[in-house]
Every structure is written in C-alpha cells, then in structure tokens.
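Chains: A, B and C, in written order; residue numbering restarts at 1 for each.
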Amino acid sequence: MISEELRVDTSGAPIVDLTPQLRRFCAEHGDGLVQAFVPHATAALVVVELGAGSDGDLLSWLEQSVPRGASYRHQHGSPGHGADHLLPALLGCSVTVPVLSGNPQLGSWQSLALIDTNRENNLRRIRLTFIPG
Amino acid sequence: MISEELRVDTSGAPIVDLTPQLRRFCAEHGDGLVQAFVPHATAALVVVELGAGSDGDLLSWLEQSVPRGASYRHQHGSPGHGADHLLPALLGCSVTVPVLSGNPQLGSWQSLALIDTNRENNLRRIRLTFIPG
Amino acid sequence: MISEELRVDTSGAPIVDLTPQLRRFCAEHGDGLVQAFVPHATAALVVVELGAGSDGDLLSWLEQSVPRGASYRHQHGSPGHGADHLLPALLGCSVTVPVLSGNPQLGSWQSLALIDTNRENNLRRIRLTFIPG
C-alpha cells in the first residue's frame, strides 16, 4: 500500500499546516482517496482556512469551550493535558480528501492542519495513506 | 475513478438534505465506500436525523456555542462569517459511508446533511467519490 | 467486499471500547483502510484514550456543553434524547484508520470508542469495512 509517515515538529505553534506535505505525497499518484491520520491521543487533524485569522479563532474557541484550566479526571501531564485529550473526539484524528490526477481536491481556502495544543510532546507523527480509486 | 460534483443551492435553508443524491450516486455501483466532501471553508457535512427537530436543535446549539455575534479575528465577509469558518473543524468537511450492493448503509434515521450557515455564498459544490471494496 | 456487522450491548456504560473487535477484524486482512460506521442517529464513534480518565472527561464535557436537561425541538424519547441526536454531528458517526499487515495503526493511547448516551436503545450495530490498499 502507498503509505508513509511524516514527522512534524510542533514546538513552534499549536497549529501546523500540512497542506504542502499532502500535495507532495499525492502528486506521485493518480485518482483515489488520501487519508491523513494522527496516531496521538492529544492531537487532531482538521481541514480549515489558515492565515486569515480562522486558525486563531479556533484556538480561542477551544480555550473557551474546552478550557485548559478546568478540572479533569485525567491527571497525567501538565495542566491542560486533560483538555488536550478531548480534542481528538471533538475535532477528529483523521481527514480524508478525494484526489484527482494526483491533486487533492481541497477548496481554495482549505488547508490540512494539525492541531496540537499539548506543549509537552513536540515530535508528532502523521500517517498519509493513498487508496487508488 | 468514480467521482462527481454536485451543485447545491443553499439559499433556501442552512441545512440541505443530500441523501437522495447520495443514494442515486451509489445505486450505479456495487460494494465499497462512498465519500462526500465539501471543498468550502465555511460549510460542513454531517450525518444526522432530519425532519423531527434535530436539525433545528443543531442550528440552535451552533448559535449558542459558536455565536455569530462574538468577536472573531477573521474579518472578511459579513458578521457571523468568523463563526462559519469554525464549522468545518468542529463538524467536519467530509463523511464516509459503507455501501453494499449500491445501497449506502445509513440507518433509518440518518441523513447526509450539508450545514451552511454562511448566507453569502449560495452555490455550493459537493464531491461524491466511490471507492470499490 | 470485506464488511461485517458487530452487535454491541451498551446497557453497561455509555462508552464501549471496540478496539479488540477492530483488531480482530483487521487481523484477517493485509494493508488498507478500515472504517467503523454506526448506523444510529443517537450514537457516535471516536478515537480517544480510554481508562485514564479521559473517557469520563468526555462525558462531563458533553453533559456541560450539550446538556441533556436543555430544551430541544426533538420531542421523541425520554429526556436527554434531543441531546443524543446532536452527538453524531459533533463527534461523528464513523472512524477510518490505516491498516498495515493486518494491524490498525492506532497510537499507544488511542482506542476506538462507541459513545452512546442514549439509555433507551441498548443494542447497537457497528459496521466494520476493510478497503484493501
């Protein structure tokens, strides 16, 4: 199967644009579905607009709606780690995009983004898998 | 690959039932997975019950939990547009359904629904893709 | 196609770990994508950490953010049923995981979990589908 693992450093920011890597991966293939999957329990993958404020709006929404300072049963890690564990359920840990002639069919304002508010684990793995159509 | 694009007019309502189009598309094929993908950064695709109040409940929840009147960094579009940009992250921009003998295996009360609270862009595209099993 | 339906009894708890069933199903196959789909309009499937408190944190978040005691348009079922109908939209009704050599590529702390806060319907179906890569 056509599947590879990316290594991503998230120490710079809690949202990382993976669109270039997705496009590069798909360019070698034809028509099908591409799936991105994050095998971590405190990170999420989404398709959103990046760069015009929506990414910051998403982080603000998460801070307000899934507050890091709230009391959580999960007691491992530093403060906020309990909130991080809710992200995969709320936002999802995978994204699937149709691919035509090696081009993922993202809209003009869509990007594939890794959401990683967990500041303890900065090396993240992302598996990209291509299923021919 | 078996993939086609629907054009959907959302000027009538912020939730549009796409189940008939999904069933028609799948009927031509056999066993596999069907994926619906919306290539817009201010719309979402979900599987929900429609017609017994749950669709209105979802819109109310969104209005309350992702308020259009809140302050957003994203400054394009009319008021509420910032909220629209959060929907793809929270609700998702694609749905995948197993298909047996040309029938998507939705439950009795499940429908494929486009959520489009953005009232500025009324012509939406949805890509349906079938992957044989 | 390689697809089978599980029957799951949720009378014991609102979160059921389906990871063992997922692993058993995939073990018979090679490389590909596995999809789990719940054909019910009041249940959800997610990938989360289980057993260290995050599952209880998720239920608490849902109780607070999608309160069962709130007023809903949906009037069928017992109190809280209106809230149950929002879960598939917010959390999702399917999960897709890459599979290598019969092993779903879940991370160490990831489990496939059925979320079923609806206490009226205790027999749930889950469809597992394998698409070869």
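We adopt the following convention: a contact is a pair of C-beta atoms (placed from the backbone, for glycine too) under 8 Å apart; a residue touches a chain by one contact, two chains touch by 3 or more.
Note that the structure is a prediction, hence the values are computed from the model and not measured.
Trainee: Do subunit A and subunit B, two copies of one chain sequence, contact each other through the same residue numbers, with over half in common, or through different ones?
Mentor: Subunit A and subunit B contact each other through largely non-matching residue numbers.
Trainee: Degrees of rotation, nearest 5, to put the Cα trace of subunit A on subunit C?
Mentor: A turn of 120 degrees brings the C-alpha atoms of subunit A onto subunit C.
Trainee: Can you give the whole-Å distance between the Cα centres of subunit A and subunit B?
Mentor: 20
Trainee: Where in subunit C do residues touch two or more other chains at once?
Mentor: Where subunit C meets two or more other chains at a single residue, that happens at 65, 90, 92, 96, 131.
Trainee: Enumerate the contact residues on subunit C facing subunit B in the complex.
Mentor: My answer: residues 1-3, 35, 37-41, 65-66, 72-76, 82, 85-86, 88-90, 92-94, 96, 127, 129-131.
Trainee: Can you list the residues on subunit A that touch subunit B in the complex?
Mentor: Interface residues on the subunit A side: 30-33, 46-49, 52-54, 56-58, 60-61, 65, 90-92, 95-98, 100, 105-107, 109-110, 115, 131-133.
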